[in-house]
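Both of the next two complexes hold chain A, though its partner changes from chain B to chain C.
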Partner chain A sequence: MEDKVKEKIKEIIINKEVDGFLVLKRYFNYVVPYLFTEKNLEDLEELSLEEVKYPLARIILKIKKFYPDKKFGILVRGCDEKHLIELNKYKKINLKELYLLGINCSKNLALKCECPSPYTKIANISFGERVEGKNFEVFHKDLSFWLEKFSRCIKCYGCRSICPLCFCNNCSLEEELLVKRGFLPVDYPIFHLVRAYHLAGRCIECGLCEETCPAEIPLRKLYKEINEKFYQIFGYKPGEDIEEKHPLEFLEEEVKEKYGI
Partner chain B sequence: MEYKLVPSICPYCGCGCGILMEVIEGKLVGTLPLKTHPINKGKLCIKGWSVHEFVYSENRLRSPMIKKGDKLKEVEWDEAISYAAKRLLEIKEKYGPSSIALISSARCTNEENFLMMKLARYVLGTNNIDHCARLCHSASVIGLIKTFGSGAMTNPIPHLEEAKTILIFGSNTTEAHPIVATHILRAKDKGANIIVVDPRKTHIARIATKHLQIKIGTDIVLINGMMNEIIKQGWEDKEFINNLTEGYEELKKTISKYDLSYVAKVTGVNEKDIYETAYLYTHQKPSSIVYCLGITEHHYGTDNVISLANLSMLTGNVGKPSTGVNPLRGQNNVQGACDMGCLPQYLSGYQKVSDDKAREEFEKFWKKNLPKEEGLTVEEMFTEALKGNIKAMIIQGENPLISDPNISRVRKALQNLEFLIVLDIFFNEMTEIADVVFACSSFLEKEGTFTNTERRVQYIPKVIEPIANTKPDWQVISLLGSALGSKGFSYDSPEEIFNEISQLTPIYRGISYERLKRYPLQWPCKTRLDPGCEYLHKDGFVRGKGRFIPIEEKEPFEIPDEEYPFILTTGRVVFHYHTATMTKNSPTLNKELSSVYIEINPEDAQRLKIEDGEKVKVISRRGEIEIKVRITDNVSPGLVYIPMHFSESPVNVLTSHEPLDPQSKIPPYKYSCVNIKKID
Partner chain C sequence: MKENIKILGFLCQWCAYQGADLAGTSRLIYPAEVKLIKVPCSGRVSAHIIFKAFQKGADGVFVAGCHIGDCHFKCGNIIAEKRIKVIKAILDSLGIEPIRLDFFFISASEGLKFKKVAEEFYAQIKKMGSLNLNHGR
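So, the complex of A and B:
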């Protein structure tokens, strides 16, 4: 499979379908995201399909900002694709300008990530065998459980800084009226609830935040619980369907309809 | 079009986390955590996330400078180097080699520390070389060498996850070593007992399973009390003691008087908690001890460390996975700076300068005789400078005008020098008083290796080109060495220096760049096939038998009285690093916290009619500062706390440089008597 991926990437770069292609590559003993271009095609030998998750959608957003006129491709997993679907709805990126190659996740990774759909749906090609995920039960815990977890927070902002869907220019977590600066323990639960609230109906439950949290707070489970509530109210699951409108969009229309503004 | 992510190692604390530097068109634009790194596995603290921010700060030094009249003037490298060499030679000629002293930097690479060591011993002919390990973990190096035979952290960080009981002494791990704390929290989630011994309600104390809020400085009494109870109950590991240790009977005799009621009275910890801690440590194994400067920074720091080593040997909690005595080292490369022999009594790899055989190895390699008398430690250098015996100093990446105790004394000592060379990356208090300033490149602008707290040697590639007219320290020291007439400094690359290190340093002998690029290695690593050493004392202690050394309780050097009724202790916060030279120049970190504060208990604040946020004067026998108040029960009545970071209210104006710990020469930072006065 690795060879097929390499060939395809090479082909679309040489055919100038894209100017750069983002995918993981071995670097020393590590696996890191790498932008392949016409100039470094020989490095494709070091391409890696290891199941290491990086915020590729966030990275491509940054690259695109520096090179708005260039065309890019990415090798996406199911979760990367969901990030991009949401970013497209928020008009942060234009999916039509991206060349997506897909790779399906193994059963192991799907279980580790508690992912119900560990495969891509809109990518041009999907490499690898498609396995079904599992619908994990939402994790209902009482407040004391969460307060113990939140109290560990060391305010690294990693949950925000790694998240492809945290793209606000002014982050509420840095708003002094909400969260006092320069203190540990951080103001909890406000810090964590502000973020959870912001991600309601936006979070695609990829778990990058949970993986990067030095305080081992089960953040994905928290956001999953909030997403469940969001679904009950609005019937919307983020990242699932590229055509489906985001509630904020139809709310806007409803508002227009009702109030004429 | 150029976008790349280059792996590197975080330049702040001793965790040694993997970071990914994001570079667009040769410019740093971001930092990401390195997912597949063995320590942080994709996690970072706020400092790690902000690494790229300080590099382009306008406060970076951009060119070498020489003091002309009262002012520093930018000059070319040739002029700065030849002037520095000329002055050093004059001073050496006039006053002899021992009139010169060097302080290397625990934030620089192994290669650069090794060169500082070589410059001192081989070129200048003095063993007066030391660095800031003197001020943080010299007591660990000495204490653990005396008891175990090796002065380093015994077990790797990931082992903590599998421990069933973790005793944390004097370490606010979540703030000072956040990623070590991650591994502790993972253990907690698996049901481990996390017991914190600390006079403050630190962040880690608040989230632990048990907090023993000990009276400051009474650790020896607590540990002796625990050991006495363990022996009384028959919980000691008799087989381990018989087979692997010596000196047990003397220990038993000494500690027999530390019964629970006495220990509870002295330490302020109740008997039940001491008993339970002793029970858990011996019954829910494997048990690890983690400690930091709350243990070492006392004038009996080495005795504190020895006491922890005694406790671990008594219960067989050392030499096995997830056990051990684990000092958390401060800087990213403080372990490496020690390993490289930037210590007045050791050549690289802890080979004594007084040991003829060890010294001869270096003499043969460098083709020159080396001095064999032990040199001066950091505080002794300043004492001798005050007396006029030290005339010139070379200080690399270190800011003793914030970080050393009794700053006014340090300032006088430095002003008393005839010549001061400073190597740094930022304008700071030190560059203001230097005669020559070498503008150096940051860690991202050069190649090299760092050794983290658990002896893990890690390679860092050059990520960007040196900014402005800066040079990496290894090139600067090489130029200076050559200008001083030495032939041994014509290095073309850091790898060449590393090869010399591995040749001369048995514990690094098996390590090479080629291997490090594939995977980091933990020393001792003695041959090219040696996989390195995950944890120490696996097959018996490095010194042969583990040695129990009985320790009696110690008296404080000053006690609270009417004039100075409060005890002051110091520490660090998660948002900044040490003298904040780098973190203050990082907008994210500075936005989070930009001024320092004193923590005062609500009872004391009420009595003194002080309000939260008010500015007060804090006075000790050494000096006084003005500082903002935070009222909090983090400290108990009578105890106050100031983080060490900022130059606006430097706490080390108040701390004392004496008495030094007689064994390690560490000053008693963690304890001073102060008074607090309202400002009218």
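So, the complex of A and C:
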């Protein structure tokens, strides 16, 4: 599969379908994101398809900021694709300006991530065999469990910084009036719940936050449960449909339609 | 030991607060545990404010705004109502009873409705007892 992917990337770069292609590359013992362009095509040998999670969507956002007119390609797995769908909804990135090269995850990875949809849906081309994922069970705990977990927080902002869907320029969790600076422990549970609120109906449950968290707070399970309740109330699931809109945002049209104000 | 219940209400200054004012001027009696805060619009009450209220010791929080279509800012109350629904879901996932939080539509002329709402909400919270979110802090 790796050779096919390399060939395809080479082909679309030489054909000038894209100006640059963002993938993971081997670098000593690590895997790092790397932008392949016409100039460094020979490095393509070191391309890596290792099964690691990496917030590539966040990196493409940054690259796009510096080169708004160029067209880029990006390697996506199921979760990266969902990130891009959500970012497209909030007009942070235009899916039409991207070339998506999809990779379907293996059964092992799907089980490890407990991913319900480890395959790509809207990618221009996708490689790998499509396997069905599994839905993991709902995780319901009581208040004391969560307070104990939240009290371990060291306020590193890791969950906020790695999340591709936390794209606001001014984060309310950095507002001096709301969250006191240089003060530990953080105001739990407010700190975590405010983030949970902002991600309700936006989180696509990729699990990057949980993986990053040094205090091992099961954030993904919390967001997952909230998202399930969100679905029961509004009937909206993030990362599924490109056209569907978040029920709490984009109110103007809905209000005009429903109430005529 | 007698439990002290604290209830916090965020009332929009155009409708619900005027309604509470009317209840006061018409000498209607509502539970003294219900403390009220005037806000510019019910849509202003963000998630942060509600969680902070719970953390600082409120056992029940309610937000009241204008009826749909009457909002001074067009759709503040619609935003607030939806937001409260989401926050209720979050409280539920944490194991806090979601009925500790509620949203009401109260207009400026509904002093009686305000009294009824405050009494019912108070009775509901009193049945559940106080909420300890402070975790021994």
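FYI, the second predicted complex is superposed on the first by the 253 of 261 C-alpha atoms of A that agree within 3 Å, B and C clash if a C-alpha of one lies under 4 Å from a C-alpha of the other, contacts with A are read in each partner's own complex, and residues count from 1 in each chain.
The rule we apply is simple: a residue touches a chain if its C-beta (ideal position, glycine included) is under 8 Å from a C-beta of that chain, and two chains touch if they have at least 3 such contacts.
The structure presented is a predicted model; accordingly, all values stated were derived computationally and were not measured.
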| item | value |
| --- | --- |
| First (chain B), second (chain C), both or neither touched by A:Leu193 | second |
| Partner chain(s) touched by A:Tyr157 [first = chain B, second = chain C, both, neither] | first |
| Which of chain B and chain C A:Tyr34 touches, first, second, both or neither | first |
| Contacts of A:Ser172 with chain B and chain C, given as first, second, both or neither | second |
| Contacts of A:Gly201 with chain B and chain C, given as first, second, both or neither | second |
| Which superposed partner A:Leu251 touches (first chain B, second chain C, both, neither) | second |
| Partner chain(s) touched by A:Gly182 [first = chain B, second = chain C, both, neither] | first |
| Which of chain B and chain C A:Leu147 touches, first, second, both or neither | second |
| On chain A, the residue positions that both chain B and chain C contact, one per complex | 151 |
| Chain B residues within the chain A interface of the complex | 1, 3-7, 18, 20, 22, 24-25, 29-30, 32-37, 40-46, 48-49, 174-175, 178-179, 181-182, 185-186, 189, 203, 206-207, 459, 517-519, 573-575, 591-594 |
| Of all residues in chain C, those that touch chain A in their complex | 46-48, 51-52, 55, 68-69, 74-75, 78-79, 82-83, 85-87, 89-90, 92-96, 133, 135 |
| Interface residues, chain A side, partner chain C - complex | 140-147, 151, 172, 178, 187-190, 193-194, 196-198, 200-201, 222, 225-226, 229-230, 233-234, 247-248, 251-252, 255, 259, 261 |
| Sites on chain A touched by chain B in the complex | 19-20, 27-35, 37, 50, 52-55, 59, 62-63, 66-67, 70, 148, 151-152, 154-158, 161-162, 174, 181-182, 184-185, 211-216 |
